[in-house]
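Okay, so chain A shows up in both of these, paired with chain B first and chain C after.
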Partner chain A sequence: MKKWRRLTAFLLTAAMVLMMACTVMAEAPEMDESETVKIGVLVSDTTSAEALAFRAYYEEYIQNQYNVNFMYSDELKDSAGEASAIDNFIANNCKAVISLSSFDRPAQIAQCSGAGVYYAVATGTLTDEEYEAAKTNEYYVGAIGPDLMTEYQTGYDMAKYFLDEGKTKFAIFGGAIPYYTDMHIYRAAGMLAAMCDVGEGSYKDATGMDIIGKIYEDGAVETGAIGNVEVVGYVGGYDMDDAWFGKCGEMAQTEGLEVILAVGNGSDFFGAAKGEGVQIASVDAYADSYKEAMEAGTLNYLAGKFSASIGPIFMATYSAVKGYPIRDAEGNALALSQGYWVADSAETFNTYYAVDSSKEEPAYTKEMLDGLFGSSYDDFAAFVSAYTFDEIQGLK
Partner chain B sequence: MKMTKRLFGIFTIPAAVLIVVLAVSRIQGVALFATEGNWVSFFRSVANVMLVTLALSINLNSGRFDFSIGSVALLSSVISATISIQYQLPVGIMLLLSVVLGAVFGFLSGLVYVIVKLPPIIVGLAMALFYEGLAFAVTGGYGVSFVNNTELVGFPSVRNYSLIIVAALAAVILIFDYTKFGYNYKALLSGQKVSVHIGIREIPNTLICYGIAGALMGAQGFITATNTGTIQMTLNFGSIGAMFAAFLPMFIGGYIGRYINDKIGCLLGAVSMGLVSLAYVRMDVDSSVQQIISALLLVCFLIFLNNEQKFKNLVKQGR
Partner chain C sequence: MELKSVMNRYGLKQKIFSIAPLFGLIALVVCFLAAATAKDLNIAYSMKNILNQSVVVAVIATGAIFIYTLGSFDISLGASACVSALVGGMVYNATGSVTLMFLTCVGVAVAIALINSVLASVFNLPVFVTTVAMLSVLNAVVLMLININGTGSQIAVPTDAVAGLNTTWFKLLVLVLFFAVCLFVFDFTKIGRLQKFLGGNPVCAKLSGINNKRLAIIAFVMSGIAVGLGSFLSITYAPTLTKNTASSVGMDVIISIVFGGMPVSGGARSRIYAAVVGAFSMTFLNQIMVMFNLNSGIGQMVKAVIFLIVVSLAMSNQRNKEILPR
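Moving on, here comes the complex of A and B:
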């Protein structure tokens, strides 16, 4: 009897130890860095401040911290280019593809999963329909980036900032609205919605999120009064020809104009708005040209992506390649939103920029990202959702 | 040729463009030149188009289609702006630097062409990629920003653009119409083999042509840079687009050149396009509509040039 008791106690203890060991292993999976992991990066933009900052973070920080090798595509102009670049990645033994190009994401996912290559979306999100189709695909890692509601709110907050300062005459630079780029349309809609709220009016008889549909109908923003606020000018597109620069200049010099709200890169207005006392707000990235403009008072508000924002999606991809995919309880891939850092003074901008441009101590360091390796979906989501500058600094 | 016929030939196109543009803008209830900014915009457009048109036509007249001129403008303005910011040089020196560097890069394009002896289109494309890449490397891809430099961004004005237009036009007329190089250039245009046989040295002439085209594009790059206070990078032939704005004014210039110096023809072609461009601005014409109008204008003018005699006969029959 004693023997049996002893044996039972031994087996129970052994089982507990084994379970504990398994639990510990599950909590802290081992990161095997013996083999170099090649990751392809699809890019449709190679020259913007944002694209360069992202690339610098991957190549000058992440690549030095982990045994990974990033392989970049050329500047992509269409879905055929994306397919060709992915073929090239596969031929070069890339184990995963991180995409910053959005011409045809379902096709990218299908191509990668067909070749057994993991696929992730950086600084962007899939549409609901696309996500439904891809969420259980074992090779689809997920997407982290500003979702369209975040874009809407970013535009809203930008306009509200100046409305709260008592500004009433605005011009909007619509960026890629004529090409029906969703994020630019949502940002502009947010701006107009804020004007409707504060100006106590409506935009083409619409308020709030109904404005989104109005912009989609026109492919442009209509000028005119919104209650006691007025949109006095609008320019869209990136034609970069004489007529386009003329329109930009004309808009910046509109009589009574107080603020230019740019849904995208607003640096082309810096020269045109000089000496006119016009304030400029832009959505872009933390870059040297914006630093100068902020210090000169030419730029007054920036909602910028920070370069390390693509750190978590790298870790999710790396984790999946190493056999620890991050999935929710139903086995679905990541779908997380992440917003912008907002600077409204040169001092704030410089504080953010110092961290964002650092290659030694960037916003998301190796120590922080290591904690995400093989983590639970909830832990991962909690980490990504704390994206403001202060929240990230608080994690260090 | 009768003076009246000459004047008619010289001014018909710009005057017709002006009348049409004024009429349309009046119908739209818009004043074409309402503010000083409109004048600045018009003169900038004229200067830009004239410089690119001259740069393009210098080589194209000789059968050399140079796709690298846009990248020459980009690279020369990037380097001149970087040096000017670093050493706090005045705006005039930046312009001079940009012109000199443009001449050097243009000359290098020509040198590669005469050495490798490949078709000029291929060499032009290769040099465009090379210069775009070089500009990207020089700035680390971040471009150049000098929005804080009030002198540099304060350059755009009617007076300054007029000075550039007059200086560039005078220099080109002087070089091509009053020097031995210019006579040789014209001789090579009219009969390459014969000219070479009589002792005209074709290669130095070609190199100088590339150099002058580069210098003009250096000035154009300077104008573009000082307009915004930033120079943004472009890769994968992104700089080529700059030259497409020059085709219609070049054909117009060629037509007007029958009645007056062809360089002045280019200026009048640029003035015509400047008026059209300003009309787009003042009437807030959508970019897709702009492209359709510009393409139609080009096609219609080419149809006219190719069927000129038929049109004249029709007019005579009508009388």
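Moving on, here comes the complex of A and C:
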């Protein structure tokens, strides 16, 4: 009797193990690389340090590791250019589009899904309304990039770093604030909020996140005192003409200026501020120009996107094309935030830069990305949320 | 030697040069189809794409032929299209009427063209000078319109409102109808003949009692209608409008007209079909370059080389080497 009971238990256990193994085998995603997958990449900026670093990661690393072929758009200036570039991708049999351009994202999603082409946003996020409209669209893969709260905090941390050092005279480069680009407005608002907190004052009678609304009202940052801190200069826009460069130079040489805080493209001020004892901080990428400036002491703080940060969205897109879309329990597309690597010394910068610029062992390697193929939403989210340099290195 | 004399006697050289752009277009189409087949492209979608990318320039350039025939030159067409589209978009957002938006686009473009023509003909200023001034004014107006609208960066017409018009058939219909009207006016009415005469020899035309001011105004009105239609088509294709909307149209129109074999000095050898041939040739050329993943830098260089070749060929066929517009 005992013998029969043991045998029954053994058979039941064996059957359960076999069933589980079969289930796992059936669900284990298989990466079929027999066919080349063409992926279109929409870019509104083709020459910035960040854009070049992203392109190098896709073309010099990912393209060598997977059977994919990236097709880049020309520099895009408006939504018509985006539509035209997507038409080119579709005509050239691209199976997916990864977008680094944001003139009209809902239109991009509609155009791609209308043609049965997967669409993903790299280094950015959709607004809440846009996400609500697109999240269940089977062709919308999702978005991975700094969300607006991360942008606000990035600006806050940058300004706080210098305020803690006792600096009180700041100039702000507002980038695309005059064009009402959300991420630049949030970064600037974060900077001003930190000044309000440390300087014990207010910006146009607002503090904290209320400052965001003030910048939206004006499309600019107002100069003036914030308690015992002062914004002594401001330039916005990307006119890139002589007048604009003149204004930038003038701002960099303002009497008493201690720190220039740039919401982006701080490298535009390296020449203007050189030798003036003015410190520069910027949000941008780990690029050659910033490396030189950091080593020369011209740049003092960088919150930079690392080039491999667009690796996970590639894998999510590739996975979707191969029939393994990554969705949450309700079937919604990815909406994940990812932050910056912050360097405040040449030593830290060079450590980050060595990994970021490597084409053999970049921050996100093939082995790491392969683990995301057909993974669950939660596993994918956990991987993306561990974005700091140390966390990523720890995964290797 | 004998061949040369035969060609001269029967005007064969002239005829060959006049249809060369058409052969150029056919050659580009053949190259495109061969490459597309070899690369297993979605040819049906590619053709739709080519129409999408050509139609605005083809329509505007067809209207601009009337100005070029007079030996004149309008550099403000792109900015005019942008202003028309922005005002049209604002009218839609205020009224919700696509018809009103269409009428506004055409009305604004014609009004701008009339201002240009009045400045040029009534005050006897060179057209090129007035359109350069107009270009500056219109660029400022674009920024003002976007600021007035309050968003700071764009004026957006709801995609659903114009999605029904963003079809191949609608675009083809607009292009064919407008081309037919222009062809009729240009080749089968007194207006077209007088314009060619005036463009070819303004002194002689003046001595013959031809009212050059009236003809200039008609030319600008035709061009204005084309810009209005082009701006409306731009809205249907990409309803989010910015200061860069149609920004490349002005230069594309000039290149298309030259590609199409139109002498930019105007006159009797002006051809109304040059704009359509040129616009589609340019797009096919672009598509071939996209297919081979050539970046825009190389693309621009290839276009520049072809542009120089076309202009050189055009000059070699003209007794009067002054081919630049007045």
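FYI, the second predicted complex is superposed on the first by the 371 of 396 C-alpha atoms of A that agree within 3 Å, B and C clash if a C-alpha of one lies under 4 Å from a C-alpha of the other, contacts with A are read in each partner's own complex, and residues count from 1 in each chain.
To be clear about the criterion, a residue touches a chain if its C-beta (ideal position, glycine included) is under 8 Å from a C-beta of that chain, and two chains touch if they have at least 3 such contacts.
Just so it is clear, the model here is predicted, and its values are computed rather than measured.
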Partner chain in contact with A:S34 - chain B first, chain C second, else both or neither: neither
Which superposed partner A:D74 touches (first chain B, second chain C, both, neither): both
Which of chain B and chain C A:Y179 touches, first, second, both or neither: second
Chain A: partner with more touched residues, chain B or chain C: B
Touched partner set for A:D87, first chain B, second chain C, both or neither: second
First, second, both or neither for A:G246, with chain B first and chain C second: first
Which superposed partner A:A287 touches (first chain B, second chain C, both, neither): first
Chain B and chain C contact sites that coincide on chain A, given as residue numbers: 74-75, 178
Residues on chain A engaged by chain C in the complex (per definition of touch): 71-72, 74-75, 77-84, 87-88, 90-93, 103-104, 106-107, 110, 115, 178-181, 219
Complex contacts: residues of chain B adjacent to chain A: 35, 37-38, 40-41, 44-45, 48-49, 136, 140-143, 145-148, 150, 153-154, 156, 226-230, 232-236, 238, 241, 245, 274, 277-278, 280-282, 284-288, 290
In the complex with chain A, residue positions of chain C that touch it: 39-42, 45-46, 48-49, 52-53, 151-154, 156, 159, 234, 237-242, 244-247, 287, 290-291, 293, 295-296, 299
Parts of chain A lying in touch with chain B, wherever the complex brings them together: 46-47, 49, 52, 74-75, 178, 220, 236-237, 239-247, 249-250, 253, 267-272, 274-275, 287-289, 292-293, 295-296, 298
